[in-house]
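Letters A, B, C and D mark the chains in the order given here, with residues in each chain numbered from 1 onward.
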Amino acid sequence: MPFKTGEQYRERLDRLQHNVWFRGEPVTGNITEHLAFRGLVSFQASLYDMQNDKAYQEKLTFTSEATGDLVGLSFLQPKTKKDLAKRREMMRLWADYHHGFLGRSPDYMNTSIMAFYSASDLLSELDPQYSDNLKKYFEYCREHDITLSHAFIQPQASRYVNINDGVEENLAAKVVDQNKDGIVVTGAFLMATQGVTAEEIFVFPPVSTLLPETDSPYTFVFAVPNNLPGLKFICRESLVQGDSAFDFPLSSKYEEMDTLVIFDQVLVPWDRVFLYGHEDLAHRFVIESGFHAHVSHQLLCKNIAKTEFLLGTIEYMVETSGMSNYPHVREKIAEIIVGLETLKSMLIAAEMNAKIDKFGSMVPSKNTILAANVLYPELYPRIIEIIQLLGGSSLVMIPSEKDFESDIAPYLNKYLKGMQSDAKEKVKLFRLAWEISAGSFGGRETLYERFFFGNKSSITSRLYEGYMGREKYIQKVKHFLQG
Amino acid sequence: MPFKTGEQYRERLDRLQHNVWFRGEPVTGNITEHLAFRGLVSFQASLYDMQNDKAYQEKLTFTSEATGDLVGLSFLQPKTKKDLAKRREMMRLWADYHHGFLGRSPDYMNTSIMAFYSASDLLSELDPQYSDNLKKYFEYCREHDITLSHAFIQPQASRYVNINDGVEENLAAKVVDQNKDGIVVTGAFLMATQGVTAEEIFVFPPVSTLLPETDSPYTFVFAVPNNLPGLKFICRESLVQGDSAFDFPLSSKYEEMDTLVIFDQVLVPWDRVFLYGHEDLAHRFVIESGFHAHVSHQLLCKNIAKTEFLLGTIEYMVETSGMSNYPHVREKIAEIIVGLETLKSMLIAAEMNAKIDKFGSMVPSKNTILAANVLYPELYPRIIEIIQLLGGSSLVMIPSEKDFESDIAPYLNKYLKGMQSDAKEKVKLFRLAWEISAGSFGGRETLYERFFFGNKSSITSRLYEGYMGREKYIQKVKHFLQG
Amino acid sequence: MPFKTGEQYRERLDRLQHNVWFRGEPVTGNITEHLAFRGLVSFQASLYDMQNDKAYQEKLTFTSEATGDLVGLSFLQPKTKKDLAKRREMMRLWADYHHGFLGRSPDYMNTSIMAFYSASDLLSELDPQYSDNLKKYFEYCREHDITLSHAFIQPQASRYVNINDGVEENLAAKVVDQNKDGIVVTGAFLMATQGVTAEEIFVFPPVSTLLPETDSPYTFVFAVPNNLPGLKFICRESLVQGDSAFDFPLSSKYEEMDTLVIFDQVLVPWDRVFLYGHEDLAHRFVIESGFHAHVSHQLLCKNIAKTEFLLGTIEYMVETSGMSNYPHVREKIAEIIVGLETLKSMLIAAEMNAKIDKFGSMVPSKNTILAANVLYPELYPRIIEIIQLLGGSSLVMIPSEKDFESDIAPYLNKYLKGMQSDAKEKVKLFRLAWEISAGSFGGRETLYERFFFGNKSSITSRLYEGYMGREKYIQKVKHFLQG
Amino acid sequence: MPFKTGEQYRERLDRLQHNVWFRGEPVTGNITEHLAFRGLVSFQASLYDMQNDKAYQEKLTFTSEATGDLVGLSFLQPKTKKDLAKRREMMRLWADYHHGFLGRSPDYMNTSIMAFYSASDLLSELDPQYSDNLKKYFEYCREHDITLSHAFIQPQASRYVNINDGVEENLAAKVVDQNKDGIVVTGAFLMATQGVTAEEIFVFPPVSTLLPETDSPYTFVFAVPNNLPGLKFICRESLVQGDSAFDFPLSSKYEEMDTLVIFDQVLVPWDRVFLYGHEDLAHRFVIESGFHAHVSHQLLCKNIAKTEFLLGTIEYMVETSGMSNYPHVREKIAEIIVGLETLKSMLIAAEMNAKIDKFGSMVPSKNTILAANVLYPELYPRIIEIIQLLGGSSLVMIPSEKDFESDIAPYLNKYLKGMQSDAKEKVKLFRLAWEISAGSFGGRETLYERFFFGNKSSITSRLYEGYMGREKYIQKVKHFLQG
């Protein structure tokens, strides 16, 4: 069976009937029709449809060796630099289509699971069955184009589980029982983005917070369908305020709902368990799989598309307002250009300096690509700040689509026109700028980018610890001083 | 007639029947009942009611010499440092009540018009009638506790009026005719905050953008009731999403609607015209009245209250999450403490170094108080950033009041509790933090604080140009170098 | 015996014959004539002479109750706000004279020892003799106008003494013996600023690094004359490059040598021991004495004088180069003005909010004054950066005094003149700007200001931990949320 | 004649007998023996010697088509990406040897003149003789391995020449006469770095400051030997304080003297004049030659080498002090790593996206390489700040080489040792860190890096104006909004 179309995506979602809670009520109707989800689902369906579009198919799919079917290219395990380039082209295509606003476009999780799959042999150290389970699950996802979400952050009060055992022990998700059919898991995860709009959920442990132990009920890697009994998805407030693309150009399309995922005595079947109980191996599994490098490759493609879109938005605002000759405007735009050129250069360099790992995967250079991860959580909020600084009060005083259809429209047309644009075009642009830089959709985006791969301490430590070259540079200085 | 009560405020608003447009429709019902305005109106009514509350009355009012009535203390022209202290106590009382979230609490415009009134003699240079008009209007406002909004920013495409006369001339607001009854004004103003929820509007020119001319149809100072024929208020999108104080702790109370004000052949009666046609005098009037210093005194009180509230919010978050021992947390909070202590010290110093001006007003030290204006547009966004950095993903995954009343509540109670608080309390706190730091109400607040008194170039020039002491410091260095 | 004159200062220094090492050689001649020290000594002598100058004497001295003599006002224990104001006037007078470039002008240590003296009763908890010793020593210093340095930072490799006892134990300064005459101390201290140009040295423990113990050989407070046997002062590189005030306007006057102080079996007489062995009391002694608040009061006076001088330098540069109309120049200067106004406001507020402590001292408000300590280590380097940014390459290409006396002078006079100054005046100014912002004297100043009161973590923790008001602000938010 | 050796470099310098002024005296002896120059000359000689070293020769030279001799590779006009790679390898080799501390290593000017040479045909528009002169001069430089300096900044008071003609006219360098032998130039240039230690000087106009005119005595491009009559080099203060590599590890080797160059009626022979009088062409010549891109390629190589060295220095300090586990330390080092990875990625990307220009040169991507130029003036000072923050007071208290040879040495050995190094090694390292981050050599370096390619406004405008892609990004947004 080949890649999925948009229509199939919608059908499977509605058929799923998973347990979703929204504003204190269980969602009973179709996910694809609910105001909070329909915009995103429609948009995501069009991503899947691109795979079926002759204009894009060659770049978006490859022929599965297992079945001869065309499958999504983000499932491809890269073994050469050319594979990396193919993956990048695929990911840029989708990212350019969603302009980087989907943090969880399907290639993200496809890449994650590909990374884990490529390291599945490592699991044999614990039990060959685990390795086998993961390989089969990966093939299942690839051949059925499964839409996945994932979960790994535990509720905050439980992150000190090893420090305050007494207090927190009952909060952290853990295996409360196991039997011949599988392990029984109880607990909660913050926050499965697109949990509602995916088919299955992949769960793996946070690498950095737990102490190495050989046997822990808190350590597991598994995947389950979203409609398994005992599984509940609790939505946060929806940021969708309407379907109008004029009034809500971003949230009407790109609002990826975050969910609190509850596991209440969920039985995870053994064939869906990929690792259980061995913290040290779980840790090595995440690190050695090249997970961070592979996923950061996808992330970098997304961030470049997003930065291009934001730069375009700002340049358009500047054009509309005739501000391009002010030195302070140029300095601010130059900052964004420097950021964009940095990201693009890093993408090139990460591929050029890629290395084959012990599993045969061609892994983008960690030195470079993890540096990009440190950069973006500060670059993105700065771009947002620049939009605010250049937009000023014009961002605030923006009427709606209906105003332009009313008797009051002539006044708007007269008084809100730009230097080089009519009022409606200008207002449309500034509504976009508002949503990015001051609306609640934009607020969530900023938080999301700040913490995508952890807080500053985590991402800098990840870069610092794995950094290749340190010793060479120290030797340079020692040699200089001896010399 | 004395100060106004909340009830009187509501009655007058509903009686006004001014021309208000909201989402493409004229507002026909009562302002005080409309979802977009009712929260703010109720809250503001309670501010007026405080004047009638024995616990506060002495601090909030003074006896009018004209009538013997108690009138609002923010109308008091300060003539001594003690008067300044009284004014400060009054303004802190209201600011502490609205926690600094009202940028246009009534004392703001009361203070503005008091500043202009105190310099009314200057207008006699042009025509003694203007001076007289302003004095009478001020007394009218003070004795009737009139709620004012104001307007002075012109639509952006028209700010180059003197540069591109041909293109823009028909955009800038101007006097299109005059007759025995008054001047006829056509044009638009961005953006009268609280235009809808005020009784009258005060219009004065932007000081910095126009070239000195002695006779200009673009230069005028006047005030009119909001329901004058030809006057229209067009609302931006409302940021009120509901009445629930749990879900929307800030926007349900403090959302001050901004409006585009249209003057379409509005006849402004002569007795409401305070200056017309003389740019140079208009400029001197704004500068020499001490307007910026007096209003900044009010502003500083507001900003201190807001900063205290934000610091409390952050400390509460830190308490709830048990993070107070991390050095990076302490460093971030220390930044806010330094900011708060700075504002408080400046308030003290500005009063202590106040000077009597030529009109007999005791004016807070400009050196200090205009420095505070430069500081806050950078301090406020940094505080917001710190909330984001300390809140992290906990800011995103916040359920609503209804979730806590539903069958799903037990899960929330279990998994979302804090280190020292139950889940509901913690979620309530984090909804507040969300609204400030990532929701659209907060987005507008950030824009508002960034540009309250103009862009960076304007506010730094205002400080730079009026700075006393420059020559002394240069002499110090010259003296040192001479040896 | 009353305050000291400059001449007495010089005589006592030369008579001292302490063991000073400079560039691998013991200094054998007079300190007051050595290139590395003579500039500073002459300048400091003039500070002492001001006490004898009728124009300043009233502000710089007060009548000792013990002797009826006039003694230095920085020895005055403040008991009223008026005392604080007197102290401030005294400290500003000296600071304005040295333009804030002396980090260790004598009032600094006079204030330190006054703070400790005022809390001497606390030492009676351990032994009344300690309290008595400190009182007598303080009186001795006050009545003889003793010039003190102090030492408390231990060499870096030993700061983990409690962690790596095995490795470091022999590095930390400690009492190696005690007998009827006193305690015998061996160890080293980084870095006694002005160690060479002081008469005595006061030693107290670093508050933050040691664990509470009741009996530790590492804990002591004492003072000794600089020429005690076994005491050695090792100088760092001198930053004095010549006596020319044209070429080296700052280093020729203000270079305060830092020294590594070696205690090699130094016998400290019992009457000079103020505390020994009790870590917890040592900790309380430093905290409860108000040491940080009193010393920060002096520091703030110094920092204001320095900031005024730097602002004057920059405004002079701007005047000379005709740059005052560029918005980016104004923004940068406005930053410094905001900083200066902040410091000045904090000085006023810290005195106005001062409180009497349990020892009867009037202590400046810690909330405010410790905030100023957090501010300056970031403000100062930013000012230096602004000098670099505004000075640009003009800072680099600066000839020397001799060039202006040579045949090449006409070219300099022609080509290096400023917009409003001749070449020699401009070069003189830019040599000053160079020394502050790029020369080695300035480099040491920047390091000094960054770390004056500890690293960022220490100074923010000091502010955070003692901050009054936290609970009130949290309550505000709780009250708001309850509704 | 082939490339030059170190010995030849020294010989030619001493033979030159150019007019050099140092501290008010003409330099009469050999440049190569003067304390202010000998360190740099020796070091630079060793760069030339590398060309004669079989280990490096292949990478540092190529065979001249004109003579069949081996000549310096930085003279190679790149026509393919492979040529760019060769040039980069050459430039990295030298940069790694001088660790980026030579801003004017010979490849810098070789690259500049190569860029101009490659566009020499453009000069034919004015006069074919100019084009011919430049070609011949370039060949002369290449075949004789001439060491060049250059000058283009005019004294600051003259930069407004077109605005304030009356005042400044006599200050700006200009052609005061012309005759059959050449043009006669009078004026001054700030600041020819390595003017003293070069053989010839290349002069071209500042691109950005002059108004387009077709005939201007202020516009010229020419080159002359340093010993032409009427040419004088006035040195700034020397930053060399001694020859000891222990005490002054950087300034003893890398101090590149800056000079004020005086032209007093200098006759420039016609065959050395490449352009005269035509401002518009001069402007196009600099822009269209790809000068900025080619030189930035060299600059980027230098900046990478420098950043690697600084990173090594910091990591070595961290190793020595055992600080690598502190989060704030890791965050700071991660910042530098991100900066380094950015520069390295940009170097790769600039070559990969290089394009052939109309003169047949392969030009590195301006989008990327001019972005690197905007980045470094902020990255470098931040690295310096990090050295200060991590070094703290340990940077200040550093003894000298002689101290370690004296009787006081045992104390130093005991008390100044590091966690993993002996005292002498640690002090050596910290003297290096001092010189970079606080000494006057480092101060000049910071100024140099901040302004290498102009102030912020210039370098951001250069990037902004030439940025390719702007329209594409705006179209993206327009398409999205229409969509």
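As a working rule, a contact is a pair of C-beta atoms (placed from the backbone, for glycine too) under 8 Å apart; a residue touches a chain by one contact, two chains touch by 3 or more.
Please read all numbers here as calculations on a predicted model, not as lab measurements.
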item: Neighbouring chains common to subunit A and subunit B, by label; value: C, D
item: Chain separated most widely from subunit C, comparing mean CA positions; value: A
item: Cα-centroid distance, subunit A relative to subunit D, in whole angstrom; value: 43
item: Whole-Å gap between the CA centroids of subunit A and subunit C; value: 52
item: Inter-centroid spacing, subunit D versus subunit C (mean Cα positions, whole Å); value: 40
item: Multi-chain contact sites of subunit B, meaning residues that touch two or more partners; value: 327-328, 456-457
item: Residues of subunit D touching subunit B in the complex; value: 327-328
item: Residues of subunit A touching subunit B in the complex; value: 21, 23-25, 153, 155-157, 160, 171, 187-188, 190-191, 232, 234-237, 241, 247, 258-260, 262, 264, 321-322, 328, 381, 385, 388-389, 391-400, 402-406, 408, 411-412, 414-419, 434, 437-440, 442-444, 446-448, 450-451, 455-457
item: Residue numbers on subunit D that touch subunit A, as the complex places them; value: 99, 245, 249, 308-309, 311-313, 315-316, 319, 327, 330-331, 333-335, 337-338, 341-342, 344-346, 348-350, 352, 367-368, 371, 374-375, 425, 428-429, 432, 456-457, 459-461, 463-464, 467, 469-470, 472-478, 480-481, 483
